[in-house]
């Protein structure tokens, strides 16, 4: 069953057209990945789904309801969440407060406490720094915080914008394990990644954007084998020495 | 913009800004005077026409107004400006342009000094307060000790508190117990009154605009201090007793206008009341500036008559000089406020000593400054 | 005498304190130096005065005034604050000042620039103990202020609302991405800040039995100074700052003279800022790590 | 200064934040004309090393030499003059300015006389500063963005502009903090070529990077940090076999 | 020229000078709410030199300006430890303190004010304002202006690029003060009378208002803002008591429509679009061939 349906959306920044006629479907329990070069419009797509940029045309449905005109906060309340590009940690709040903020819409405070502890276990770096200002964290630690914060919102669809950015190889592996684990537990995921190989590895569906349009879509394994994609995004075209 | 055969006067109003409450009704008095004069045939057979400009009490805008009257409107003389601050910037311009000005409210000491075209139909606060003291002494009111209270950031108030009051206490041999001061914008005078309470003087010489007088009176009452506050023309507001709302009994001031002096003042007050009511203005009783500005029109009319001004463009310069010279020579001109003469550019005219009794101004004494 | 003066100073400080808290809500939280607050302060006093003049009972008049202030504040939010895009925090300052000028002039057109006598609510409202005079109304208003401030600071510290507000303060766009309903939260804050300011204006009018169109300006400036001394965004800082400014003002008036009031009050502000740039209880701003 | 003088020499470096020891007795050198990588798990202290070298924080103990000059006690703004420039992990471009203007700011060290300060260069068509900045942009294939406002550009483009700005300071030691993060593989390739060209022109690089392919292709030497300590040093092929490094950083499933 | 127009243009000239005095530090991220204080320093210093030392005006005015600049340096060094709104309030306090000092300084008349003998004619004042404008336009084309923006938007990075952030900040502050002092010195000699109240907080605040209103993104904003604030109230004269209320409504509406100020960079881009594109391709061509 389709959880998220994006149909023929168009987004402009002033005169620049960032997205045009983009369709995308995420089914319940699926991982969908969106690939594309810099400036292709991946981040814009996620922001549009969240309602952070206005749509010029098209529609969005989430779990059966039309949310095309819904304000961002009500979309989030209905189970969407975004780990944004550039992390957007709140630097004047402590690490713990950042996490609590992720759960600000929830009322089950005891569960939230337990989940925060679980996140500390998963990311020990954060546990050590729970009472420090988030501005002190290293780049990778901030990325962990952003992911943890999104998990605490208890979403039905989690959108991740380049989550592996700045993470060490060990942590990238852990991250993809986490993504799989969350997905196993029933969470649907929309993943934007530069780590194309890994993203195609976990996804059930993939979409490739170019200059704001969908140029390829379908089964990730088939796409991974597509020479056009290999050329452009897998870096196989110019072998390293 | 001038039809030949009209005598043009510029009028700087303070219709907005800090002085509106005192100056807002002046326009009615000016219009009244002009209508009366023109109804009687004008001056030398020519009608008077007034050109108006709102300065908002701002010295910069007042300068603009004066430039306009002098250059564009070819006015023979200028009614105003209102305040001392405005005078400080417009008198030099008027002197260079050679156009007479006459203020209806400015009472800071010595502002006309060095200006031959600058006049004020006002009396220096020092002279006014002198007469108040004289009156208190002559009526044998309690005056065993005194203190001063004044605003520090206003020229007139400060000079009252630091120079005039101490000098007068000495002159009338009232032992001074000290002084308290406050800012113009102060609303809380409790520290000052706590100090006055300790000094317990019979009279407090006040240098302040009306707001300070109201606040001081209320705080004196709150802290239970009984003393007679005396002040000058700056607080001569007909509504003051009402504004003090039960406080301020025995407050005593000197002013240059009181409505109940004679038939002329009563008639003026009645007409003024009629016109203000028609205009929907809350205060219907004329204040001292209303009377002063009314007299300024008559003073100019008289000076133009005596100087035989022509009111034509080619004679403008000599007309203005003639007005100036005639004003300077004027002696005991019979005006609304009483007999007016000019000494060094400032008017010399009777002073009415008023006291608050039962929440109303009452006439205590009438005096002519020596 | 000194005791009396200290009492006088604290009573004055209580007024500054409430306005300072109103400012701190707007600036510490919304990053918006809201110059309409002095106007709302004035409105609290003048509108009550106006309603009383129309014959309304006191409580109704006061409620009416607070209601009007809240409405105006929502308008300020709409027309000034909401227009502030990411970045330049100075911008809405202009329109908020526009609101101050507008409010002042509207009141001026209605009631004139004169100081108006606000009716005394009770005949003699003063405690007299051993030569000391303490205004009962002032005492009550101080108690109300402190109680309100204590509640507010508790609320912001311990509830989710506090965290949401701080998120909005740091970055509106992130707050939006976090699902915070800015459209509702921000107006709530504006209303809250307006109510504090208007309440302060009302208490002022009762205490000093006067209202004028310009009564907000001087107090507004001192309150901003109080807020800064205490540390922006810190509610207890605003309280301490307000009382300090009140004391500094009264003590310098009574022991040196009124001509030095501005030098001592603003000099104090300047010195505190130079020695402790974030104010007494303020936290230094978090900087983004490289 | 001989060829043997290291471009960057760090000795006994120590730094604590509020009692937390972020860098512990760290020493290493970066030889001239080569690329060296600084790697390690998240929070190991890599960015902190950059911050200490560029003077964002004062150090607790140790010394830093750039091209033989002791810069340990130098104010941060002067360090760039001794020849060390850096890029930023979280891109720090001035968002309201145009790309060109950002680059002009980057040129500052080489145009810092009073005269340069008050020349109304914007009135002079094709002024040499503008020309130079444009050329640098062309060379990294970003020419079309010169007059755009930085804030609206996509992440990858901004990342590259940050790099160009660092090169414009004319420094011979460049510290690059995760230059390939957020780039897709083909862009990473382009970046690699660009960096190789820089090395060939005689620049020295110190690179923090988590992409091991990338590190492998340009860096001869790597320094591995963990908890602020150096745990290994040497060619990547050797270091990556080190069990300590595998456990802390690379993990077992890498390749 | 008509006397009225002269009078209005003179006011405009002074407002323009004050506006640029505010604009310069604002470009470096400093909101100076004490500009009136620096105008006072320039005015009193120059007036003292012509009155008591019998200096000619053309010498006294630059020295007055320099005196204000010097005070700017001396005060800027400690005060620029503060940032953002704290700095704004520190400068605000500074303005108050300076005005209070002149109010008590008897050598220059104290509360009675200070008459000035030498007269600067309207044309001299116009020339001064045009001079200041040209200077600012020229300055906006330099690296110095670029660094002001850089320091404003990211002081940490500017510092790492080798820019002396402190130097830029203090110089911008002092240069702004000097421009203010320059205007103040002319003010004293044009109106031939100065008093502390002329240099009140409201003057500072209003000046900041026109600069923000005009827009701070380009060098033309302050000019347009000053013109708007000087001329519109004149045009509204006919509306009498509604004049300032209407004016305030104008401000609110304009700011709601153009929150970045009347004149913005994008406005200029619209005009320049075509010629700039041409220049771009030309430069690219050269770059490739070089």
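Some points to look at:
Lettered A, B, C, D and E in written order, each chain numbered from 1.
As a convention for this text, contacts are C-beta pairs under 8 Å (C-beta built on N, C-alpha and C of every residue); 3 or more make two chains touch, one makes a residue touch a chain.
For reference, the UniProt names are A, D = ABC transporter ATP-binding protein; C, E = Branched-chain amino acid ABC transporter permease.
The structure displayed is predicted, hence computed values, not measured ones.
Greatest centre-to-centre distance from chain E is found for A, with centres as Cα means. Ranking every chain by how far its Cα centroid lies from the centroid of chain C, the top place goes to D. This structure's chain pair with the greatest number of C-beta contacts is C-E. Rounded to a whole number, the gap between the C-alpha centres of chain A and chain D is 29 angstrom.
Centre-to-centre separation of chain B and chain C, using mean CA positions: 37 Å. Chain A and chain E have Cα centroids lying 48 Å from one another.
Residues of chain E found to touch two or more other chains are 103, 111, 156, 241, 244. Along chain D, residues 47, 56, 88-90, 92, 96 each make contact with two or more other chains. Of all residues in chain B, those that touch two or more other chains are 16, 152-153. A complete list of chain pairs in contact reads A-C, A-D, B-C, B-E, C-D, C-E, D-E. The part of chain D that touches chain A in the complex is made up of residues 17-18, 40-44, 46-48, 89-90, 152-157, 178, 181-189, 192, 210, 212-213, 216-217, 248-251, 253-254.
Within the complex formed with chain E, the chain D residues making contact are 54-56, 76-78, 80-81, 86, 88, 92, 94-97, 101, 104-106, 108-109, 111-112, 116-123, 125-126, 130-131, 134-135, 138, 143, 146-147, 165, 169.
Across the complex, chain C meets chain B through its residues 1, 4-5, 8-9, 11-12, 108, 112-117, 119-120, 126, 128, 133, 135, 204, 208-210, 212, 215, 217-218, 250-251, 253-254, 257-259, 261-262. By the touch rule above, chain B contacts chain E in their complex via residues 15-16, 54, 59-61, 63-72, 85, 88-89, 92, 96, 108, 152-155, 158-159. Contacts from chain C toward chain D in the complex involve residues 87, 288-290.
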